[in-house]
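Look at the two complexes coming up: subunit A is in both, with subunit B in one and subunit C in the other.
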Partner chain A sequence: MKELFPPKQVLGFVFSIVLTVIALSVYFLDMSFELAMTILLITAFIQAAVQLVVFMHAGESKDKKSIYTTLYYGFFIALVTVFGTLLTLIWGYY
Partner chain B sequence: MDFFARFAVPNPGPTIYASMVAIALTMVAIFVGLTYYKKWGYLWREWLTTVDHKRIGIMYLISALLMLFRGGVDAIMMRAQTAVPENTLLGAQEYNEIFTTHGVVMIIFMAMAFIMALMNFAVPLQIGARDVAFPRLNALSFWLYFFGAMLFNISFVIGGSPDSGWSSYFPLAGTEYSESVGTNYYMLALQISGLGTLITGINFITTILKMRAPGMTLMKMPMFTWSALITNLIIVFAFPVLTVALLMGTMDRLFATNFFTTSNGGMDMLWANLFWVWGHPEVYILILPAFGIYSEIISTFSRRNLYGYKSMVISMVAISVLSFLVWVHHFFTMGQGALVNSIFSITTMAIAVPTGIKIFNWLFTLRKGKIVFTTPMLYSLGFIPIFTIGGVTGVMLGMASADYQYHNTMFLVAHFHLVIIPGVVFAMIAGLFYWWPKMFGFMLNERLGKWSFWFIAISVCVTFFPMFISGLDGQARRMYTYSESTGFGIWNLISFIGAIGLAIGFALIVYNIYYSIRYSTREIPADPWDARSLEWATHSPVPEYNFAIVPEVDSTEAFWDYKKKGYKLFKGKYEPIHMPNNSGVPFLMGLVFFVWGFAFVFGMWIFAVIASIGIAACLAHRSFEKDHGRYISVEEIEKTEKDLGGAKE
Partner chain C sequence: MKVDHSLPLEYGTEQNRLNILGFWIFLGAEIALFGTLFASYFTLVDRTGSGPTGAEIFEITPVLIETILLLTSSFTIGLGIHAMRLGKAKAMITFFAITLLLGLGFLGVEIYDFIVYIHEGATLQTSGFTAILFLTLGTHGAHVTFGLFWGAFIILQVIKRGLTPETANKAFIFSLYWHFLDVVWIFIFSFVFLKGMM
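So, the complex of A and B:
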């Protein structure tokens, strides 16, 4: 039974469906733009993390360390690029 | 005839007609030559379909040298035009096209190809692997790069060259101000060859992380391999930005979207921003492999192990992170406030710290070393002072407030040429001389090599030092002419003389290659430089499978230990070796991409659709193909090893 329904994957699947439902609720419920975007951003990032760890097996091989190092590195670069661009072209622009 | 009218060059001049004739003659010569000597089959079997990393490296090398010639001719024409005031050798439009293609060709198609050449050739050998992780993909990378380069190069005879600078800033590069197809060529050629680079990045990270010889931990890798790992990591994170920016630019030009326009909510400065988010890491993609090559060469010819191995690695990792934090320094004057400029000024200056650590490590490696002045070593030693001048002026440019004075002048041009030429070009030439015997089984002539070094090193200074002065006097870059009363004449004349010296230096290298092919002895040992890393442990030229027995490694300099300390490198006996099969699909796919790009440049949608189907067909073919590679038998290995001078041990 455990081979047919590995608990981690089954729970991960349920969780990702829950996340999808929450994200979808933004469309059906009446809420402000800021709140809607916050919900979408948060659920999107959790969703991505669930997919990586549970379904793409990020932490299950010998390369765990290099996989996570590159992931964090990529995450860092992406944040710097996005916020650096916002800073340069909008917030810090006169 | 209407259909063909679109291919006409908008501003034809004598230079364009001359190059049309030259291209036609070269094509005919190649075609006739191959047919006459019956080499078509050889070309197809041994080169066009190869997946061998060494041959792919050599093809990159040949392409890079060709592109160096193309970019060099552009450079000479620019210097000739500006040598005297009010010169009429070139028109304004021609000059714009020439400085644009000079920049793109030199960075994307020469320097990138050159580092790819040396990485492809040396990295698998240095880590004791038989090939890269994905040999077929590696061939695809090369053909994408090659056909991207060809697409870019035909622009000046079909439809007109791009003319808005190598950075191709919008709105100048938009349809409003660049009506010809030139900038379409820029967008699509860079897109295609950029894809190839991105694939190489993934390929080499996997190779280095997964295919090292037993015992070679990350901290026992040769320094060039380390630099290749970091470089490819930067490639994987930086190139997607270029891909997206080029896509947005292409959409703006072909489908009238408004990403970079000045109206309808577009933001022209976003292009400059995205371009440099890629562009600055790109600088480090070029310089880090060069640093790796210098580390190898300086340690080899000082007869000492590299000083500060760990700090070398840490400083490269630091550079790779910092390289993503400084891009705004390319446009300090675009209008953002003092806070933004201060932040990026500080990060820019921070990069000087890890770079300085590396310079000091090389100096400490030299200290108390038994220095041998070979050609590669001369280039490495020449690099240090000239690069330092380029670097120091870089720190000057990095001060945001002072940058308002230097920005867009010849001072900037002098700075980045004095960084890129000693940083990248010297390293590539040094690497070429250093690995040449491993590639081809004979050495390049040392006497001619040293002459070329002195010509190039002195001429670089003669060419670019005067630009510091004329730049501070206010000569803007990219001006096709100037009046006599500006007083720039004398400095530009000196520059032109230097440029001729550079041309002579490069011609000497070409002559050296010709001379050495004819006269150099083939009786050389496998390790002619008394070097320290694994690539010298196999035969020259290297057999297809690299190492008959996979070496086992126990230190950063396993081969040195093998020579001097009696360490046993090859344990075990011959076993059948599994190798990948050759394939023509990567070449065909590159060709289809070329057609695809060409169709997009001219908006010929029917051809674009057909080519897209062709690309998909190549991908599908690969997905359903069953190719398990082939085995080289023990007898065959024994025979090869015997022919190459007997098995080791």
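So, the complex of A and C:
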């Protein structure tokens, strides 16, 4: 039975729960918008990394380089889309 | 077909390895897809017109339940793949079944949430905000729904054929998909719900 629960994945799960609880602090505690967004950005991206590396084994095969390249590229496109939109349409830098 | 036994079953053949790489590239495109949805969401989030705002309709309890369910399901499918690598088909099927049940629970709570929103006057047509809210959550929910069927067929195939390089490969790729849905949910949880409720 014990062999079915590898410590690495159990720890990954516990860590994800902890990050979720930290993220919840922005709801339960009184804080500024800037601080809250900083906390959420940090916890969300760390949690995403835990999923990708611990659970999805992104780095285990010899395609590691290609997999990380496609991931970084995907995140780059997403971030440019999101922050580019915010910059031009919401924050008014055009 | 040449099977390399030094590697986990799902990587055993050249074709298997390429299938997995191909799926990662697909996930890269999915990240971009959800990026466009988040960009639209942030643009329209304050365009509530005469409809309700996020703070008025969001509730922490169902959102928290959804988060725990999906997070746990992501953990159990990870255990399923671990069991698969130990060659324990029965344990793997059990973990996959638990995963799908948790996914079903998630979907149930999300549908309940949608019904509550609609009763509170937030429909797809109410405002720019509600339209992009339903589109973003709905795209994720549709992925989960699709995943439930996909996962069920994977389980059936493993029961019928046992663990072969093909079924192991399909199961592993499905696990990537499922973990990815949790990654997307983390961002929805943080930047749609928590941001909307603070």
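Just a few scattered comments:
By our rule, the second predicted complex is superposed on the first by the 84 of 94 C-alpha atoms of A that agree within 3 Å, B and C clash if a C-alpha of one lies under 4 Å from a C-alpha of the other, contacts with A are read in each partner's own complex, and residues count from 1 in each chain.
Operating definition for what follows: a contact is a pair of C-beta atoms (placed from the backbone, for glycine too) under 8 Å apart; a residue touches a chain by one contact, two chains touch by 3 or more.
No experiment lies behind these values; they were computed from the predicted model shown.
In the superposed model, A:13 lies in contact with subunit C only, and not with subunit B. By the document's definition of touching, of the two partners only subunit C reaches A:40; subunit B does not.
Within the superposed three-chain model, A:63 lies in touch with subunit B and with subunit C [touch as defined at top]. Using the contact criterion defined above for the overlaid structures, shared-chain residue A:77 touches subunit B and also reaches subunit C.
Using the contact criterion defined above for the overlaid structures, shared-chain residue A:87 touches subunit B, although it does not reach subunit C.
Residue contacts after overlaying the shared chain place A:23 against subunit C, while subunit B stays out of touching range.
More residues of subunit A are touched by C (comparison of subunit B with subunit C). Of the two partner chains, subunit C is the only one touched by A:48; subunit B is not.
Taken together, the two complexes place residues 63, 66, 70, 73-74, 77, 81, 84-85, 89 of subunit A in contact with subunit B and also with subunit C.
Across the interface of their complex, subunit A is touched by residues 11, 17, 20-21, 24-25, 27-32, 34-36, 38-40, 42-43, 60, 64, 67-68, 71-72, 74-75, 77-79, 82-83, 86, 88, 91, 175-176, 179-180, 182-183, 186-187, 189-191, 194-195, 197-198 of subunit C. Listed in rising order, the residues of subunit B touching subunit A in the complex are 209, 233, 237, 241, 267, 269-270, 273-274, 277, 321, 324-325, 327-328, 335-337, 339-340, 343.
Those residues of subunit A that touch subunit B in the shared complex are 63, 66, 70, 73-74, 76-77, 80-81, 84-85, 87-89, 92-94. Taken together, the subunit A residues at the contact with subunit C in this complex read 3-6, 9, 12-13, 16-17, 20, 23-24, 26-27, 31, 33, 36-37, 40, 43-44, 47-48, 51-52, 54-56, 58, 61-63, 66-67, 70-71, 73-75, 77-79, 81-82, 84-86, 89-90.
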